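The structures considered in this document are given below.
Look at the two complexes coming up: subunit A is in both, with subunit B in one and subunit C in the other.
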Partner chain A sequence: MIDFYAANSLLINLIAINAILALSIYITLSAAMLSLANAAFMGIGAYTAILFTQYFGWPLIPAALVGAGMAALVGALLGAPVLRLRGIFLAIATIGFGEILRIFILNFQPGVTLPFEQQDYPNGAEGLRLPPPASTSGWLTYGTLLLLIYFFWRLRGSRMGLALAAIREDEAAAESSGVDVTRYKLLVFIIGAAIAGWAGALDAHLYNFISPADFGFSQAVNILVYAVVGGTLGFPGPILGAALITALPELLRPLHDYRDIFTGVVLLLTILFLPSGLFSLLGNALGIRRRWQPAPQQAAEGVPHVLADPTRANNDSPLQRLALPVRNAHPSADTGDTDIGAQFIAPAVDQPGWDKSRPYDDNQQVKTQNSKLKTAAPLLHTEAATRRFGGVIAVDDVDIAILPGSIYGLIGPNGAGKTTLLNLLSGVLPLTSGRIYLRGERIDGLAPHNIVRRGIARTYQNIRLFPSLSVLENVMVGMHSRTRASLLARLVFSPTARREEQTSRNRAFELLTRFGLAASASLPATALAYGDQRRLEMARALATDPTLLLLDEPAAGLNQAESDRLRDLLRELTATGLTVLLIEHDMALVMSVCDRIAVLNFGRTIAEDTPSAISKDAAVIEAYLGSD
Partner chain B sequence: MNWQTLPQQLANGIFQGSIYALFALGYTLIFGVLDILNLAHAAIFMMTAVAAWYLIAGLGLNFVVALIIASIVGGLLGVLLDRVAFWRLRQQHAPHLSALISSIAMATIFEGMVVLLPTLGADADSRIIGADLHHFPAGSIPSGNLNFGTMLSLPPIKLLVLVVALLLMFGLQYMLRRTRLGREMRAVAESPKASALLGINIEAVFAKTFFIASALGGVAGVLYALTYNTLTSDMGNAVELKGLAAIILGGMGSIVGSVVGGFIIGLAEVLSIALGGSNWSDAVAFIVLFLMLLVRPNGLFGARATRTG
Partner chain C sequence: MSSNKKFGSRLALVALVALALSACDLGGTASSTAPTATPAAGSNAVTASPTTAGSSMVMTNTASMGGGTAMTNTASMGGDNMANTVMLGAALSQSKTAKVYGDSQSKAIKMAMDEINAAGGINGKQITIDIQDDASNPKQAATVYQKFINDKVIAIIGPTLSNSAATADPLAQQAQIPVLAVSNTAGGIVDIGDYIYRDSLSEAQVIPNTIKVAKAKLNISKVALIYGNDDAFTKAGYSVFKQALAANGITITTEQTFQKGNINFSAQITAIKGSNPDAIVASALLPEGEGMIKEARNQGMTVPIIGGNGFNSAKLMSDLGQQAEGVYVGAAWNSAGGNQASQDFVKNFTAKYGNAPDQFAAQAYSGVYILADALKRAKSMSGADVRDALKTTKITVPLGDFTFLPTRDANHTPVVQMVQGGKFVVVQ
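Right, the complex of A and B next:
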């Protein structure tokens, strides 16, 4: 064993370093960012650490820390402007950065001379020769790899890990579920830069020679190849990929001569036939479950807790305040579905103040509530909200005021600007002019996740879930802005963090149970039927614990029975204090639930009144039916 | 800076730029029509030059004939590239980044293969092309200089480069605007789905796009090799990144933009050498690229919205 290591120590070291590099790109890929700057960060780490060990005579570990810190700093400076770019534009910008850095190292002449062999630093294309490596540097590499494995193992399933997965799946939906997308992307970019910088420092001190060519475009591609071939759905993938791509050409002599072709063919076959990478193959064979899917026993543990013993649930949970009665799973008459059929929540008979037998239209409770609301200050109001797209004014000088606890309808012909207004309210689009207030405080100009934090949640007209996350995880992402456990707390197994995780898991199950989705908790979101997906999106929005819920055509594509249940649900939600803005084309629904309705046409409010007044309004009738 | 050499420097910049522009045309065409950033374009640039080298050094063909035959070889390599690397990804509706990675894989394979090809003639001291520098046989490229006054002196091959590049740029623009294929390509660029529903054979359009784009890139490769009389397996790398800078500068997918971008990069490079920063001239293209991405990611002529994903 020891003999084997002695004979192959350089290769094993190289595998470990490449595995670390693969993890440095994996973390950015896990937030759907393809950055090819990691070779450059590696170079920054290497050259910085060499300056400290060779010129200042520091030991390797503090010097490598400075190298990693320098890479992280440059990463922060680069990331702040560059991460606005998406997809291939980010890839191109990072390629450009790598080239600039390589040319910089080639030409930089600070006039520093290293004592070893009196070399200029950084000595341009000739590169630097270093004294023979210390025997401990190999073990430092293995130690680093082990620490990183621990880090990634704890990251998975953590609050931050879930947020990254959400960003990877759908950035906009992650943002409007309360995840600070910009911050996480920058954070991940900096972590990747630091890991690569550290790896560069170790790499430089493992060999006797480095040059700028070691950190160029081809090295950037190598790092990408390790991660992609191994697979990016879990951290073991990149490690496996690095080991395979590094070791095979060394161990199989015939491959050595065709090394580039081998690398290219393996990469090509992987991307064409096994896009999830080699590890997914191994994972399938061993029965390891996909990364973001909860293990079956977790799901099995979670459900009974909530269902069997409701007192276990946190009493001051925001969802308790909603006081949604749990509907007993009984077959729905019209569809014949059993428990997981398309059922919106129906009220339980025994809820105080609620008589299920009474028709909704003359529900006294709603009426009295309404009269109280008239005097209250609006929860949300806009002043001359305007949004232009080039020459088109999509939202034109709109003033609306939504009273707390009410359902406010927003109707109008297609293209009237309803969804644009909703995008303005949720911060997805900036206003061209005008103001938006929530409880009297201006919220226009805030990022969507901050608006979520202040209590406005939304759904999308064409459902935007996180497709490959489980149903439960979709809801848990919604709790992001209401939880705080840091990754650090999770790394040290802090009991507080564990309690918080358990609480949010339980709360997510509660919500799913109320929406009749508990049985599908561990399925990927895409496996749900259309109506279920709509309800899951609402459950995710409610998980953010909103005071105002913006719904964009929630009844679209629902059948009559489902739409009736939606009406019940909306009533219940407002009965517990939630306020709803409802965009909807289903007039029966709008007229029966809304307290007030605004009608938009060509971006302008043409009427704003109670449902009965709206239905008689001449301008509204003209907008809908045309005049002739 | 020496003003006496300015005309010469400008002319050099224009020639350098015309090669970048020709290369960038193919790059941007594939991006415009298929939404793929094809990083194997540089490998085809290089392989076409190698093909021309075989035709000239091996078969003794005239360099103009070799240029034409080689460009067809380049086009066919492009069609092969599309079939192998991208066709399956299209069928699977794979994310855009998959195609980028797939093109990197093909570039690696192409470059790995070329160095193993048998070498020729005077260079036959080694068995394979390898990583060495190769030259065209003496006398196969017109030599000497044409003098224009005292301040400007040009080798005829550079004039040929400029003429061919301009002809191809205008030809491509005419083809896109005025021919049936051009209309089909523009339609597919807007929406492959709608084009297919309207009866356009989109796979055929994709194949033709790859043929034209790769032939253009190939011509750029042959002209580059002829101008500098050098051939290496990694000759595509520098041009690849410069071409990238050119299409970002001009606006991804914009034909006019890529040509203008190519000329700007070429001129900026040559002028930065003239201004005394010869070591840093390579960085100029990337600094331009970088700033452009930050300030205006759609480029100078980018009419299309920045694509995501």
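Right, the complex of A and C next:
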């Protein structure tokens, strides 16, 4: 064993280092960021660590920590401007960064001379040699790998892990579910940089040689290929990919000239036929169905305009056996109940607990419980809210005031600016001019997640769920802004964190029960029928514990019975103190539930009154029917 | 609907493109690590075709896995080598960017091994050379060395590239296994330790001689210096050129740089032309070097152009034709002249492989003979004894009458060649 290690130590350690590098890109990929800067961060870590071990004579571990810290620092400076970019543009920007760093190293001449062979630091294209023996050991490389495995294991399913998954699935929906997308992306980018920097330091001290060619573009691509070939749906994937791609050329030595061809063919086949990577193959071989892959037949049945069949939801699907362990699972409300209407709203009455005992309330979240307070100051009001898109004024000088506990309707012809106004209120779009107040405090200019934090939640006209997250996880993402357990607490198995996790899980389950989705808790969101998806989106919005709920055409695609149930639900919600802004084309619904209605046409408010007054308003009738 | 799947396939696509890109890029990167010369004077461009190589010969890859940790093994050889064979290792770049050099070396090494074995081997024992591909990559070279050390080879030939040597040779030094470099030209290689020898001439040996001869012949007093600053080989060559120019009292009118992949040299050449030098000194690899020469000639500069090992290729003349005239380059070996051993080597190599050998082949072929000679004279097959035997090498090989300097570098005089009438001619 020891002999085997000694005889192959370079390869064995290189596998671990490449696996660490693969994890460094995996974490950025897990937030849907395609960054190719990790090779450059590797170089920063390596050159920094070498300066400390060779010039200052430090031992490797503290020097490598400094290297990782330096990479993290540069990552923070780079990330702030660059992370606004998405997809391939981010990739190009990060490639550019790698090139800048390479040219910097090629030309940087600080006048530092290392004691070993009097080499100039960093010695440009010629690279640096370090005195033997190598100071990187298997304990260090595999110790790091084990720590990272532990980190990623704990990250999965954690508050942060869920937030990252949500960002990966749908950035906008994550942001309006209360996730600080910008902060998380930067954080993840920095963590990736630090991991890569650490790996670079270990690599340089394993081979005792580094040159700018070691962290150039081809290395950046290698790191990406490890992750993609291994699979990016779980952390074992990148490790697997790195191990395979690193070891394969050595294992294939007997093939001589053909080994590169063989390796290339393996890579191509993997990418073509296993887009989810080798890890998925392993999963299939072991009979593991990944829970985020919708069972095909269920996904296929997700036909719009059909409510979920509760009997089907109760089928013991294979996915359910892999469900997240749900503690204190609420006895499901829809135990084969054929009354779908009851399923939609029934538990609300039966569950007095969930609304009042909101353990996640921020202290300042004192709600106006009395919906009768019509004389109270408005919960939300706008002053001359205006939004232009070039020459088009989508929202023009709109003043609305929504009283606490009321249902406020927003109607108007298509293109009137209703959704734009909702986007302004939820912070998705900035105002061109004007102001928005919540409880008398200005909220315009705040990021969407901050507005969620202050108590405004929303749904989307086109349902925006996190498709491959489970139904339960979708709701738990909504609780992001109401929970605070740090990943650190989870890493050390802090009981507080565990309690919080358990409570949010229970709370999410209660919400699902209330919406009749408890039986589908472990299904991927895409497996739900259309109506169920609408309800799930509302459940997620409610999970943010809002005082004001913005609903964008919640009845769209629902049949008459369903929209009747929706009406009942809205009344239930306001009875508990929630305020609702409702954009809707279903006039019967609007007229029957709204306390007040504003009518928009071409961005302007043409009427604002009670439903009965609105229905007689000449301007409104003209806007809808046209004038003769 | 599944944005995740979409993201996955997008990733796969990007990875695919990136793979293709990196395949192209590797070309660039590799030349960055190519510290060695391109095919030498008078040789045709090497068309490597390993299938034609030594079909009659059996390459044994006997990896005798022995006990004892290789790293701490103090070179107690022999025991694990089969009684009637002497096992050597050769780490050569048989794939990726330096393949053209590695293949040439591997042919020459096989040929030398066959000849030596046919002539009775090492005191009756046959030589077995385990040739392993280092993929033109320092890390793989180190891995190959670890395998050799583990297999208890008596000595190692290679690796092809200097960067690989810088990474891998310390392992052999630590394990006390002698290394004979046959193509490394960078500085510092033999400084790695007392087990590291080389029969290839370093830049530091070739370039000062080139400058000295060029000065005497061309009577130059001021030159323009141009080099690639992002490549280990060209950058190192630049430093050596600069020192040599200073030592010969030649002033530098201007220093210009370029990067790998540059194709437009008009800015640099305009600046050089404006500085009115007696000659242009260039530390460049062949592709950029050719572009630079072409631009200089197109701008009407007829001054001599003095290059490093990077210009040492017959391709220079075939690519540039008339424009290559007046290029001066230093080399370790010229196929045209030389001693009887050299002429026999050229004849036999050409007969066996169908193309003329280049400088790499000559150095690798000579290397096997140098090692075999040391093994014959060594008191035992231990690393220390082989090392000591190498120290007192005195043998005639195609490179000439060969001895080592006390610094373990090759002790023979480089030649300076100039392009005249479409071929390299030795400058006397």
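The rule is short, and it goes like this: the second predicted complex is superposed on the first by the 525 of 628 C-alpha atoms of A that agree within 3 Å, B and C clash if a C-alpha of one lies under 4 Å from a C-alpha of the other, contacts with A are read in each partner's own complex, and residues count from 1 in each chain.
Definition applied: a contact is a pair of C-beta atoms (placed from the backbone, for glycine too) under 8 Å apart; a residue touches a chain by one contact, two chains touch by 3 or more.
Quick caveat, the model's predicted, so the values are computed rather than measured.
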item: Touched partner set for A:Val265, first subunit B, second subunit C, both or neither; value: first
item: Partner, of subunit C and subunit B, that touches more residues belonging to subunit A; value: C
item: First, second, both or neither for A:Leu60, with subunit B first and subunit C second; value: neither
item: Touched partner set for A:Arg86, first subunit B, second subunit C, both or neither; value: first
item: Subunit B versus subunit C as contact partner of A:Phe97, first or second or both or neither; value: first
item: Which of subunit B and subunit C A:Leu106 touches, first, second, both or neither; value: both
item: Partner chain in contact with A:Val228 - subunit B first, subunit C second, else both or neither; value: both
item: Partner chain(s) touched by A:Pro275 [first = subunit B, second = subunit C, both, neither]; value: both
item: Subunit B and subunit C footprints on subunit A, overlapping residues; value: 34, 87-88, 91, 103, 106-107, 217, 221, 224, 228, 259-260, 267-268, 271-272, 275
item: Subunit C contact footprint on subunit A (complex, rising order); value: 2-3, 6-11, 14, 29, 32, 34, 87-88, 91, 102-103, 106-107, 117, 124-127, 129, 132-133, 168-170, 207-209, 211-213, 216-218, 221-222, 224-225, 228-229, 232-233, 249-250, 253-254, 256-257, 259-260, 267-268, 271-272, 275-276, 292, 294, 467-468, 526
item: Residue ranges of subunit C in contact with subunit A within the complex; value: 1-5, 7-12, 14-16, 18-19, 21-22, 25-26, 29, 32-33, 50, 61, 65, 67-72, 94-96, 132-133, 135, 138-140, 142-143, 146-147, 149-150, 163, 166-167, 170-171, 173-174, 186, 188, 191, 229-232, 234-236
item: Subunit B residues within the subunit A interface of the complex; value: 37, 84-85, 88-89, 92, 94, 96-98, 100-102, 104-113, 116, 237, 241, 244-245, 248, 279-280, 282-283, 286-287, 289-290, 293-294, 297, 306-309
item: Touching residues on subunit A, where the partner in the complex is subunit B; value: 34, 81-82, 85-89, 91-93, 95-97, 99-100, 103-104, 106-107, 217, 221, 224, 228, 258-265, 267-268, 271-273, 275
